[in-house]
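Here the chain labels run A, B and C in written order, and each chain numbers its own residues starting at 1.
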Amino acid sequence: MTAYLLNLATLSAIFGILAVSLNMLVGYAGIFSMAHAVFFGLGAYAGAQIALQVIPDVLLAAIVAALFAAACSLCLALPALRVRGEYFVAASLGLQMLASTAFSQAQALTGGIGGLVGIPPPMLLGLDVSSAPAFLVVCLAFLALCLIGIRLLMRGSFGRSLMALRDSESAARAFGKDVAQLKTQAVAVGCAMAGLAGALFAFQEAFVNVESFTLEQSILVLAMVIIGGVGTLAGPLIGAVLLLLLPAGLSFLPFIPPTDIGSVQQLIYGLAMTLLMIFRPAGLAGRSVGQR
Amino acid sequence: MTALLTLNGLSKRFGGLTAVQGLDMELHEGVITALVGPNGAGKTTLFNLVTGNLTPDAGEVTLAGRTITGMAPHRVARLGIARSFQDLRLFTHMSVRDNVLASIERRAWLWQARGGSARRDATEAALERTGLLSLGRARAVDLSYAEAKFLSLARIMATGARIWLLDEPASGLDPASRRRFTALLRAAVAKGVTICLIEHNLDIVTEIADRIAFLDQGRKLAEGDPASIMRNPELRAIYFGERRE
Amino acid sequence: MLLLQLLASGIQTGLIYALTAAGFALIFGATRIFHVAHGATFALAGYAFLETAVAGVPWPLACLVSLVVAVGFGLFMDAFVYRPILRHEGSFFTVFVAAFGMVVVVQSVLELAFGRSFVSYSSTLTRATAVLPGLYLAPIFWVIIAVTAAILLLTGVFLGRSRAGIGLRALSENPELLRAFGLSARRLSALAIALGSALAVPGAVLMAATSGLQPSIGPHVMLISLAASIVGGIGSLRGAVAAGVLLGVTESLVVSILDTQWSESAGFVLLFGFILFRPRGLLGQPVPR
């Protein structure tokens, strides 16, 4: 039972990072990405390869994963600069579908459908952090770093510029904002954090494959952000914990056969997304989504 | 006297529609010029051509002798040309103070260390002069119409821009607010700011402007001091004829 | 001959996509609602047909049931999801998330009700025979071509000639004009959604009868119709149809060069390329940036 709870807590921290970083794109920069799982995946594969080929150091893997994901984030920044609204959502969906296929096909880098197995237990600067409580602490520390980082950024001129852009792009331009530069940076930071979360995920599971980086995962993370509340610091965290607890909670209900839990979970969060948008577009703890 | 901003043979077409045609104009330092003309005369298009939101089909815009034609809007802004919008375009979900602050932060790398306190001072000064200091923490979306108009001006004041392009800045204000607004513009001009504004209300125009440029169907029909333009019966016919429809 | 065979099956899938994309494009063109739940409409229509037909109901009646389900779902979305959101001026993303939520809901309901695996409906129409040496075609191939042509022709005539059709086109271009004609924008957008949803039915029925259905067909069709309407040029019905066929054929032909895994992605490469280099699509208007 303890092991189960520790696992849940660690996953909450990891998905917390993922949701918080997506919220930065959706809530502050007005970049509605449906491809966040792609960068989670890129980070996971990069982190796993570092652990397998070089050294299973969490810090190194996390840094490499973040940099790699940030570099690849140009794939998302490019359409974000060219088009917006529905077109950008479509482009990010397209990117997600392409990446899923690429992940399952690039046998040499990702292990294909089978994935990368046998990721060694994590170390941190020579210390063994492979025990469940130790790794939970590591993940929480990374989560705290990400939260502090985002808070500093959003409180500063960068955050104000992003929000100005979100509220009125033309006015932001008229006041000297370089929109391309701002959006590219925002996407890079958001994707870097997703990559970092990916590296942690790889260590936690000791195994990664394409299943974790599909459209369903992107939707799940988006649901976390939406349900928790867009544009707030705590909202996405609450959303992440809620949606991770959901399958666990459902498994206690005797009348749901275990094979249907996945579907019931989807049913609940799908319904939650729709109902929230109708009755409380601000989410459980937040302001309205993408108002202009 | 040399002009600060010069428009030379500026033309812009949208499909088959001519918005601006062969327009020449000069803005001089410390002068308030009003653009007047019926709807669709090309006034806002003219602003967009200067600020880089539109690229002219022909002609040239020069700022203090340097050509800025076709430059991206944010670069034009950084050269000291600030503008307001008819529909204001405030940063609606940000506080009043952040609206002003965000308008003067240009180099948005992840961190912008230098000059923070100078920008804060400029922000407070602009809020104080526009009478918005007590509303600093309110969200822009919650402001009254007049307050929003003053915030739109505060954003421009804080930038320290040399040239202000204002799109119907005082329309819809009550007489008292309008007097306050005019005083702010006068004070800015006294310090060397150059202002060009679009205005429909001729009372406001005569009250504020030093010069009037009369536009119709993308052409400049006349330019001169307010009294002589207002007396011109032909221009009055065009202006009021259009308006009465 | 393999190439010809792939081309034939590409056209077959492409026409089904074309019909669905046409519905999506019609709705988006008229109402500016990014109706991603169109995929859910498709899935519901397909399952409605399949379940009634398998239960022994004659197929024309099953098609009718499917039509009722599709139009009903579309109108439900309009009345209970889009209207309330648009009333308090929700942004496009609010609408998108709400519609997307329904796609997820419908998929999971279908999974719970009918299981996750493939279901299909076979009849003599679907048994392939050799038309040419090496080219196998089922009679349904010709049915699909005929049905698609007929329906698109009818839709075109309706939009071009009828009063309501002209109203639909005016809805997107000039809502002011509508008032002059005494047409209600609300009722017209409901009509657009009903009509667009109806256009998903033939595709759904044909897919149930050819390649079969599974609950995840909803998101899949949603992605395809979205891709087709963007590649074709948003708002352009003809563009959506052309792009639907193009996507189907591309998906199918890619198999001759790459692994089958890439077949679905090929369409998205196309989509991504169009968004980056020609966002207005094949036949669309320039995109306001």
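Everything below uses one rule, namely that contacts are C-beta pairs under 8 Å (C-beta built on N, C-alpha and C of every residue); 3 or more make two chains touch, one makes a residue touch a chain.
Given the structure is predicted, the values throughout are model-derived calculations rather than measurements.
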**Item:** Most central chain, judged by mean C-alpha position against the global CA mean
**Value:** A
**Prompt:** Where centres are the averaged C-alpha coordinates, which chain has the largest centre distance to chain C?
**Reply:** B
**Request:** Could you give the separation in Å between the centres of chain A and chain C, each centre being the mean of its C-alpha atoms?
**Result:** 31
**Fill in**
Between chain B and chain C, the Cα-mean centres are separated in Å by 48
**Prompt:** Whole-Å distance, chain A centre to chain B centre, using C-alpha means?
**Reply:** 43
**Asked** Among the residues of chain A, which are close enough to touch at least two other chains?
**Response** 291-292
**Message:** Which positions in chain C are in touch with at least two other chains?
**Reply:** none
**Message:** If we count contacts the way the header does, which residues on chain B are in touch with chain A in the complex?
**Reply:** 51, 53, 72-74, 77-78, 82-83, 85, 89-94, 98-99, 101-106, 108-112, 116, 155, 159
**Complex interface listing, chain C residues touching chain A** = 34, 80-81, 84-85, 88, 90-105, 107-109, 111-112, 116, 219, 223, 226-227, 230, 234, 259, 261-262, 264-265, 268-269, 271-272, 275-276, 279, 287, 289
**Request:** Quick one: which bits of chain A touch chain C in the complex? Just the residue numbers, please.
**Result:** 26, 32, 78-79, 82-87, 89-91, 93-95, 97-98, 100-102, 104-105, 215, 219, 222-223, 226, 260, 263-264, 266-267, 269-275, 277-278, 281, 288-292
**Message:** Quick check on the complex: what are the chain A residues that touch chain B?
**Reply:** 153, 156-158, 160-161, 163-164, 166-168, 170-179, 181-182, 185, 189, 287, 291-292
